[in-house]
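What follows is chain A paired twice: with chain B in the first complex and chain C in the second.
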Partner chain A sequence: MTHAPAEVAIEYHIAESEARRRFGSPRLKGLALLAPAVVVAVLFSLIPLAYLFQVSLTQDSSFFFTAQYTLDNYREVFSRYRSAIVVTVYLAAMASLIDLVFGYPFAYILVRKIRYREFVRTMMTFPLFGPLYLAFGLFYILLPNGPLGPLFTMLDINVAQYLFSQAAVLFSMAVFTFPFMVMNIGAALSNVDPMLEEAAKTLGAKPWQTFVRVLFPLSWSGIVAGFLMCLGWNLGVFAQPQLLGSPAEQAVLSIQMFNKGLVQFNYGLAAALGILLMVMAFAVTWISLRFSRGALGA
Partner chain B sequence: MASVAASAPMPAAGRRGFRLRWLGEALAHGYVWAWLAVFALPFVATLAYSLRTPDGEWTISAYQYVFGSFTGNLLLSVQTTVITIVLNLVIAVPAAYAIVRYPIPGKSFVLSTLNLSLYTPAAVMGVSLVIAYAFLFRIPQTMTGLIAAYVVGTFPLMLVPIIVALRDLPTVFEEAARTLGATRMQTFWRVEVPLLGPGISAGILLTFVIIFNEFLVTLFIAGPSTTTAALRVYNLTRTAGFQPSTAALATTMQLVSFVVVLLFFRFFGSRYLKGTYLI
Partner chain C sequence: MTGENARLSALVSEAIESRLSRREIVRRGAALGLAGSAISAALTRIERATAAAQDGPVQVSIVNQEMTRDDIIAAIQAEGEVNVGNWTYTANDTLIAQFQQYVSDTYGVDITLNYQASQAPSTYITNLYTALQSGNPPSLDVMAIEENFLAEALSQPEPVAEEFLPSGLVPNAERTLEMFQQFPYGVGFQASATPGIVFDRERAPFIENYTDLADERLRQRLTMPLPGDITSGGILMGIAAALDLDYQVSAEMTEAIDFAIEAIHPNVLQYTTDSATMQQLLRGGVVDAVGFWNSLARMEFLNGQANTAFMLAPSGQFLANGYMWIPKGTPHPVLAQIFVDWRLSDEAQFPPESWGLEPGPWAELNEGILGESYAELIPEWFAEDYFTYYPTIEQLSTSYRSVDWDYYAEHVGEWMDYYAQGIGQ
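Coming up: the complex of A and B.
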């Protein structure tokens, strides 16, 4: 015996109104389900960041005794630590650019020519285990008696000169963020119909013309998203310059912040450096979200 | 007839074109393989270093430390990772459900607040938490603080794949179960959770890969009793230089991570990882 549709609708309606009586409105219930996440985010992300901003406006460590409010920390950041800002932005931009130049062909080949994509994806997770192991491994490779020593000797390359150099830092930064670039450009390219390239070719376009006039405009969104994502990660870089760079030349904001805050206990200055880095990272994220209209479409 | 045509000598231009195309293909695949080698090289080098003595002999003696003085760090890493995953699930599954299935006022604003920690550089998060823990919450260098930092930093990553999976899931299954008399809880546990399996496991994988290898936030907020294995690698590198024993620990960490990733890809594929941290 089957229910007539109307009967089902009535029963469903009754069940629904009973649920409503027992648990309140769906809006309240939704908020209740969301509550733990919001509490955690407010307690351990929003409040510490607001607190950091407050501390950044106080002299040295005075905040914890008798707070003396001042803008001196920010003045110092923009005068004495200007070189740190410049080197942070420069390294992040260069590493992201390297990713773009080398990542675009990689993503194109991956999407258009390769059938063993799962294998490539699996191998690409190695850098994502962290910049720490990456820097550690590269350090050993660059040692004069490293595993590739004979190869470099044969090619007449003195690898040891790259130890503690900008080149090594940039290379390790680029390798760490490479998968993010490939992922974004690959996603954009897989939405481009291969027929369009065929059509351009049939109509007599040379490969570079097809790239400039067809592929590049159609994958623009992926390029922007990938570049900004790499930039966001690279702005907060810490391990690579710390292990592979020189303390004087690659003293990026994260490292300065660690030294000021946890070595010299100048919390005010460390907080100001942190706020600056956060503003830079949020600006990058904001632009990228504007471009992608929100990754989740929410 | 076709076979005759195929075996007939090709015109010179055609043969050159074929050869050029073959060369292009080989270069394309070679380019990808060269990058894959670059990705794996630091790991392979670390592995090789962990197996060498200063005299150039091969030995596994460096691994005695992994099962000796580093065991505590490794166990702590496993422990914090597991606790974080459980807490992330408890927080993220209801939140994702609410975001997809319930009317939430100011949904995009709420999502941005939840994702705030995702956009904060790790060092900034570290310095903000070390100050807040020491002077506001009074939980400096504790396990509680460490776990809280891990949870706030990774539950948004758990949220994304579950939201994607829930969006893909038509509501007809839910409606059918409800029509047949199942309560909301029964529907959720018996119908939706099994269907959401891949999305939830993608979130678990992301949390695992990040927390198991996290050292930067940990460097700021951990104390002597809460040194995770990844932080131990960093500390040893800074204080003792590059030692085979450190390499052995770094190798073990990467190997465990890689095996987990392999198992995940084997069972679930990479579909639900799209648009997240891992590919």
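Coming up: the complex of A and C.
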């Protein structure tokens, strides 16, 4: 049976009125559905965050002392810990850049060339099981008495200089966040019609010209989203510099925060470092989401 | 449970139920195919269980009651578990199994020992403060961590530790030397734990005192503990002593820390407090010396690393023994006290062969002689070398120095802050 448009409109209007009578306005219904998530977010995210911010404004904060409010912790963060901020951002940016350099071709091959794509994707997600495993794995591989020890000895390489080095930290950070980069670029590339590449080739474009003029601009949102997502994850890096870094890399904010709060009991300063780290990660995530339109389908 | 352990447990249960004589136990043990050492362990357990059964009522702290054996059993049944915060011993699983077995043998109740292990036990303190501040019971019933944490906890304006010593449930606490008794709050379970330098004798024979850590031959061949906890605190105090400075004089301690920053820091390959990492680095020849605890040297030596030694500084070592204390408001006060007592017992201080521990892990659990009555427990296999690796009771008061923990708790924040800043942390 078919209906004329007018009849459909009337039926829809009647059904909508009935629904409205039963559940109130759609807006209210929407709000009611959102309520559980809002309650959970407020209880378990916003209130603890507000408390963290309050602690960050206290001095000699202990759980048992009456708080004395001050901005000293933030002053200290931006004076004494300026180099720590630089190290943290530098390591995060470099690791993300490494991800981009190796992740783009990988994503391209994954989207365009590989037959057992799902298998490769699954293998690729292994690093996401944890940075700690990665860091320990690399640590044991680089040990002189580890599995590659004899090889290093044969090549007369002083392993220690790589074991606790910026290179080792950057490598393990990049491996951990590699899947994020590949997923984002892959999502953007899969939206690029292969016919465009064919067309460019037919019109005489060289591969690099196709990349610069066609692929790169069309996958830009995925590149930015992937880079910023990797950067966001890497800003909070802890295990890799702790296990594989020299004292210079061990200066990252998350390690400082752990030491200040849980080893030296300076909760106020640790909270201020935490707030800074959170603001940085939030900013990066926000920008990432803004640029990920298309790549993430948002 | 291994076959021998199962047979041993069966023998213990049978002996207690049937009230077998000592001779009958030995015969029955032999019939079950148990080795002499296992029969001896069974006799100890049976003796203990029988003694506990015969004891009259005892005054039990925290619950403030005179309790009979039946009362204690009822309390254990009601509590059902006990949570202990300690370090990452290789033998943690053995400790858990042995304590559970002990409670089962002695009181006939099966309980669970939840053993938290961390190389950064300061997190236990933060968790405790959080729980108490939010009105919740503490998550750990027994803190078995360095003495400075007890001082830190006791310096809080609100009570965070139970006053439980002496207690009828913890008679072993009174066997310890007075220097290990922090009654009514805690008792030491280690006698000779000291932070310091563990090194390879062959690769770095020149290391004799903390000042040698500045030697250029150690460039990038040394690890030091991260600034903050007692490991680095003990080493900084050791550096001060080596420079003939007094850690209790602010300017002198600053001078000692300056030495650590300017002279030692350039030699540091990494700052770590992870013993597994240090073991690997020493064994792999990546570093020649690590700043940690004396127990690491003992463990490595007994694990076959003959060149690994502890630098006993001629200027003195600072003792930082582990102490057991019970957080305020513990939900398992009876089992907590039973654990404290058991950890000070003969078998937990000098684990018998029946525990099946290798020499390395054994030396990790045994941290010296807590009192005169323990001296006779040194096992035969280690009798000859024991005092090469552990101090005598006399040496504890001559070669080792005790710390003014109240002063330490008050000033360690400044020291660590200055030190951390100096090394870019």
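As a working rule, the second predicted complex is superposed on the first by the 237 of 298 C-alpha atoms of A that agree within 3 Å, B and C clash if a C-alpha of one lies under 4 Å from a C-alpha of the other, contacts with A are read in each partner's own complex, and residues count from 1 in each chain.
As a working rule, a contact is a pair of C-beta atoms (placed from the backbone, for glycine too) under 8 Å apart; a residue touches a chain by one contact, two chains touch by 3 or more.
Being a predicted model, the structure only gives us computed values, none of them experimental.
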| item | value |
| --- | --- |
| Touching partner for A:L243 - first (chain B), second (chain C), both, neither | both |
| Contacts of A:P26 with chain B and chain C, given as first, second, both or neither | first |
| Which of chain B and chain C A:F227 touches, first, second, both or neither | neither |
| Contacts of A:T122 with chain B and chain C, given as first, second, both or neither | first |
| Chain touching more of chain A, residue-wise (chain B, chain C) | B |
| First (chain B), second (chain C), both or neither touched by A:F164 | second |
| First, second, both or neither for A:P36, with chain B first and chain C second | first |
| Chain B versus chain C as contact partner of A:P105, first or second or both or neither | first |
| Which of chain B and chain C A:M183 touches, first, second, both or neither | first |
| Which of chain B and chain C A:R80 touches, first, second, both or neither | second |
| Contact residues common to both interfaces of chain A (with chain B and with chain C) | 63-64, 139-140, 143, 146, 242-243, 261-262, 267 |
| Touching residues on chain A, where the partner in the complex is chain C | 62-65, 80, 83, 139-140, 143-146, 149, 159-161, 163-164, 242-243, 245-248, 250-251, 255-256, 259, 261-267 |
| Residues of chain A touching chain B in the complex | 8, 12, 15, 19, 26-27, 29-31, 33-34, 36-38, 40-49, 51-52, 55, 63-64, 102, 105-106, 109-110, 113-114, 118, 120-130, 132-141, 143, 146-148, 175, 178-179, 183, 187, 232, 235-236, 238-239, 242-243, 253-254, 257-258, 261-262, 267, 270-271, 274-275, 277-278, 281-282, 285, 294-296, 298 |
| Parts of chain C lying in touch with chain A, wherever the complex brings them together | 120, 122-123, 125-126, 129-130, 132-133, 152, 156-158, 220-221, 226-229, 265, 268-272, 274, 277, 280-281, 283-287, 412-413, 416-417, 420-421, 423-425 |
| Partner chain A, residues of chain B touching it in the complex | 25, 28-29, 31-32, 35-36, 38-46, 48-49, 90-92, 94-95, 97-99, 101-105, 107-108, 110-111, 113-114, 116-117, 119-132, 135-136, 148-149, 151-152, 155, 159-160, 163-164, 178-179, 184, 209, 213-216, 219-220, 230, 233-234, 237-238, 242, 246-247, 250, 253-254, 257-258, 261-262, 265, 269-270, 274-275, 277-279 |
